[in-house]
Amino acid sequence: MRRPKVDMKKLINHPEHVVDEMLEGIIAAHPEKLKRLSGLNVIVRKEAPIKGKVGLVSGGGSGHEPAHAGFVEEYMLDAAVAGEVFTSPTPDQILEAIKAVDGGKGVLLIVKNYSGDVMNFDMAAEMAQAEGIEVEQVIVRDDIAVDNKEDRRGVAGTIFVHKIAGAAASEGKSLKEVSQIAQKTAENIWSMGVSLSPCIVPASGKPGFTLNDNEIEIGTGIHGEQGIERQWFKQADQLAEEMINNLLNEMEFTPGEEAAVITNGLGSTPLMELYIVHRKVAELLERKQIQLQKSFVGEYMTSLEMAGCSITVLKLDDQLKSYLN
Amino acid sequence: MQLTVEALQRWIINTNEKMQENKEYLSELDQAIGDGDHGHNMARGFQEVVNKIEDNSFEEAGSLFKQVAMTLISKVGGAAGPLYGTAFLKASEQWKEKTTIDQETFGKGIEAAIAGIKTRGKAKEGDKTMLDVWGPVHTYVTNQPLERENLKKTAKEAMEKTKEMKAKKGRAAYFGEKSIEHVDPGAYSSYLVFEALAGSITNEGDANG
Amino acid sequence: MRRPKVDMKKLINHPEHVVDEMLEGIIAAHPEKLKRLSGLNVIVRKEAPIKGKVGLVSGGGSGHEPAHAGFVEEYMLDAAVAGEVFTSPTPDQILEAIKAVDGGKGVLLIVKNYSGDVMNFDMAAEMAQAEGIEVEQVIVRDDIAVDNKEDRRGVAGTIFVHKIAGAAASEGKSLKEVSQIAQKTAENIWSMGVSLSPCIVPASGKPGFTLNDNEIEIGTGIHGEQGIERQWFKQADQLAEEMINNLLNEMEFTPGEEAAVITNGLGSTPLMELYIVHRKVAELLERKQIQLQKSFVGEYMTSLEMAGCSITVLKLDDQLKSYLN
Amino acid sequence: MQLTVEALQRWIINTNEKMQENKEYLSELDQAIGDGDHGHNMARGFQEVVNKIEDNSFEEAGSLFKQVAMTLISKVGGAAGPLYGTAFLKASEQWKEKTTIDQETFGKGIEAAIAGIKTRGKAKEGDKTMLDVWGPVHTYVTNQPLERENLKKTAKEAMEKTKEMKAKKGRAAYFGEKSIEHVDPGAYSSYLVFEALAGSITNEGDANG
C-alpha cells in the first residue's frame, strides 16, 4: 500500500467542502429542530418564522463551532449564517436568514465586531430594510486585548448576547426592547484570550503562527491569528490571575456586584484544564467580592483546534440576571 | 483612450487569472497581519465572477460590472467581499449604458468606487488598506493619459508603500505597530486588479487584444 | 526574564493537583446543583440522596471529561467518582458516593469494563452491601475493537446507559427494574474509536505513543493508549464508512430498525470535523435503512487532548427510545 | 527463618523505596502495553502506606498488614490497588496476632494473598500478570529455605518470563499478540516487592537490620 502524503490530519474530505458538509452533518444530527435553507449556509429553527417573536440572527466565519449554529434553538438564536472558515458570510445569505426568521416583529442581528462581519451584516440589513423588514443590529466588542474600544473584536462574550437577547425575544418583547437589552448586554461584557498552540485552517493547511514549547500568546482572537503579546508559558493560576486582573481593570466593579463568567476553550484544551482555570477565576472574583452568579465552562466559541482559553465576564444587573437564568 | 466592453470583460478575466496565481501569496500576506484567507476569498470570488460572465456578451459596461459586483458580494465574504463588491457596484452606476468608456468616464467610475469603499469601510487613505492603491490610481487616471506601464508602476508603488504604514482598519489594526513592515493584502490584491487592467490596454491607451 | 523550561503545555498548576483542582473548579462553576463530598473526589447532586429514587453512581479515571462528573444532573447520574488521571477510583471513595446517593431504594453502579474499574467498584459494592445498602452493577462493554466480547472495554456508549438508566430511575422504578433497563442498554451499544494524535498524561508529561503525519490508530480506547491497528490516514468519509461497517457487522440490524448515535470527540478534534463525520454516519445508516432517531455530536467521553473520534450506535426498542427522549 | 514485626515493617518501607526509585520505569512498562500509570499508582500508594506506618510500632503482623492493605486499597486505584490491597489483606488474616512469622506461616500468607488476587482479578498463572511472580515465589517459599539471593533470583526470573507471555487479563490483554516482548508492569512491581523482602532478611534466613 502506498504511503500517502498528508497535508493535515483532519477528519475532513476536501478543504473546500468543510462548511457544506458540516452543515449537512448538523442537519443530519438534529432534523427535528433545525433546517437548512436550501442551497445556502444558513441554519434555521424548524419553527421559524415565529409569529409575534422578534427573530434573532447571528453568524460569522465557520471554525468557531458550536458558534453559531449550535446556538440555534429555543430561547437563543432563530438562525445562524455560516461563512467560509474564519471568513464572514455574505450579505445575500444573511438576507435569506433574516427573511426566514422574520415573524412580523422584525429581526435583530448579533454581529461580532470585525470589518468583514460588520460590513456584510450592514449590507444585508440595508437589503432587508429595502424589502420592508425591520432590522436592528447589535455589535459585540468584548475583546479587551485591543486597546481602542471602538475597534475591539467580538469573541466568546457574544454567547451572552445570544442567551439574553434570546430570552428577551422569547418573552415577546418588541424589536426595540430586545435590541436595547442586547445592547446593554454587549456593553457589559469583557473577554480575554490566551493561546498555547495555533490552529490550521483547512484551506491553507498550515498553522497560522508557530510557538515554542515555552511560549504562549496573550490576547488571541478567535481566527487562528497571533495574540497581541507573546509571553513565557506560565501555570494556570498565574495566567488566570493576569487575565482576571486585566478584565477587572476594564470593568470598574464595586464590591457586592454580580457577574457571570464564560471560561471558554478555544478548541483542543481539555475540559479538565478549563475547570482548573475556572477554579482560580472563581476564587479571584470572590476575593474581589464579586458575586459569581452563573458560570459556563466549556467550548462555546472556538478557533478550530487551537489550544488555550478565553475568560469572559458579564456584569449583571437584575434585568440581565433574570434573562440569563 | 477607449475601453470597449470586451476589453473591460478581459480586464475582469485577467484579474481572475492573477488572483488564482497569487492565491497563496495573498493569503500569506494576510496570515502575517490578518487571518490568512484573503487569497482564498479573492480567488473564490473572481472564479465565480468569471464563471458567470465568461460565456455572456454584455451590451454595455453597466450590466457587466453590476454582475461582477453582485457576484463578488455574494461569493467573497470577509471584509474584501463587501468592499470590492461595493466598489464595482458604484463604478457600474457610472458606466451604465456605455458601450465604450473613455478615460474621463473611467476615472469617474474609480472615483465612485472609492467613495463606495469609504462609506462601506469607514477607512481613509493612509489606514493601510486597499484604498491606498485605489487612491493613487485614481489620481493618476484623472491627471495623466492612461498608459500600461505607468498604470502598473503607480499601482505597484502604491501597494509597496502600504508596507510602511501602520494599519488602522481591518484585522491588521489589531496588530498595531506590529503591522508595519508588512504589505497590506487588500492593497496587493488591488494592485493585481490594476495590473490586470494594464494588461487589457495597449501602450497607446487603446484596448488591445 | 529567564526562559523557562516547560515539560508540557497544559493549563494546570501541578500534575499531582489536577484532579483536585478540576473538582474544585466544577463546584465553583455549579454550586447551585452540585456538591463535593468533603475530602473526597466525589461529585454529588445537591439534592441527593433523593427519597424514593434509585441512586445512580458512575466514575472512573479522570481525563475523560465531561465524563463523568459532567453527567451528574437531573435525569442522569446522582454521583460521579473521579480517580487519578486514567486510573480507576478506589473503593472507599466509591463507597462514600453510594452512601451519599442511597435514598432507600438502592444504588446502581455504572461501570466501564476495565480490570481496575470492575475490581474497585466490586469491592465498593461488597462494602456497601455489608452496610446494608442494596447495590446492583451494570458493566459496559461497548468497544468492539477488542475481539473477545467479555473483555471489551467500556467507552463512550456508557453515556447512553447514564441517560437511559437516569431517566428510568427518575420515574421511580425499582433498583431491579433500573438495573435491567441499564443492562439491556449496555447489551445494545457498540462503539469504535480512531485516534489521530496521542495525549499527554500530566503525571508523565510524555505522549503515550507517537504517530506520523500520515498514520492513525484504529480501535483506540480512551486512556491515551495505542489503538488495535495502525493504518494510513484517510478522509473522513472513508473512515466513517469503515467504522460503521465494523459496527454494523457486530450488531445484526434488520432494515427498518431504529438507532441512536454518539459521534464523540476524543479531545482536540473540532466540532466541525465531528459533524463532517456524523454526516457520513447518518448517510450510511440511512442507506442500510436504519432509522437514526437521535444523535449526539460533541465531546462526551474524551481522552484528554487526544485527536480523533469514536462512533457509538445504540439499537433502540420502544422502551429504550422512550427513555432517551 | 523468623521474620519479626520490625523486619516486616522494614520490608514495606524498602518496598516503598523501590517503588519511588522505579516509578518512571514501571510507568514506562505500563505505557507499552497499558496506560502508563502503574509506577505512579504504586509510588503514590506505598508512599501513603509508609506515611501511615512509619511512626507506629505494631505489636503483631496482622494489624500491620491490614493497615498496609487498607491504605493500598484506598490510595493506589487502577487494577493494582484492589489486587495488592486484597493480597495483603488476605495475608494479614494469616499473620494475625503473630509477633514473629516463620517460613511456613509466611508461605500461608502468600498462598492466601494469591487466592485473594485470583478471586478479585479472575486471572490465573500464565495470563501475564503479577500472579506470574507471586506464584513462583510461593512455590519457592514452600519448598526451599528462604534465602536472600535465591528469593531475588526466583522473583526476577519469574518477572522476566512474563516477557514471553501473551496477556490475557488487564489492559495489556487489549494488545493481544502485541503484548508479547514486553514485561508485565505488575509482575515487575511484584518483583520489586520480593526484592525488598530479600533486602529485609539475612542470608541466614533471619531478619537483619
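Here are a few things to note about the model shown:
The first chain written gets the first letter, and so on, giving A, B, C and D; residue counts start at 1 in each chain.
Following the convention adopted for this analysis, a contact is a pair of C-beta atoms (placed from the backbone, for glycine too) under 8 Å apart; a residue touches a chain by one contact, two chains touch by 3 or more.
The shown structure was predicted, so the numbers you read here are calculated from the model rather than taken from an experiment.
If chain C is disregarded, contacts among the remaining chains split them into A, B | D.
Chains making contact with chain A as well as with chain C: none in this assembly.
Summarising the inter-chain layout, the chain whose CA centre lies farthest from the centre of chain C is B.
Note: centroid distance chain B to chain C, computed from Cα atoms, is 54 Å. Note on chain placement: the centre of chain B and the centre of chain D lie 77 Å apart, centres being C-alpha means. Taking the mean of the C-alpha atoms as each chain's centre, chain A and chain B sit 32 Å apart. Within chain C, no positions touching two or more other chains are listed. Among the residues of chain D, none is in touch with two or more other chains. Judged by the touch criterion defined above, the protein chains link up one after another in an open path, with no loop closing it. Here, these are the chain pairs in contact: A-B, A-C, C-D. Note for the complex: chain C touches chain A at residues 1, 3-6, 9-14, 18, 21-26, 28-30, 62-63, 65-66, 70, 196-197, 213-214, 216, 232-237, 239, 263, 267-279, 281-283, 292, 295-299, 302, 304-305, 307-309. Contact residues on chain D toward chain C in their complex (touch as defined above): 24, 27, 31, 34-37, 40-41, 44, 73-83, 86, 120-121, 169-171, 173-176. Against chain B, in their complex, chain A makes its touches with residues 61, 83-93, 114-116, 119-120, 122-123, 145-147, 151, 153, 201, 203-204, 206, 208-209, 221, 223-226, 228.
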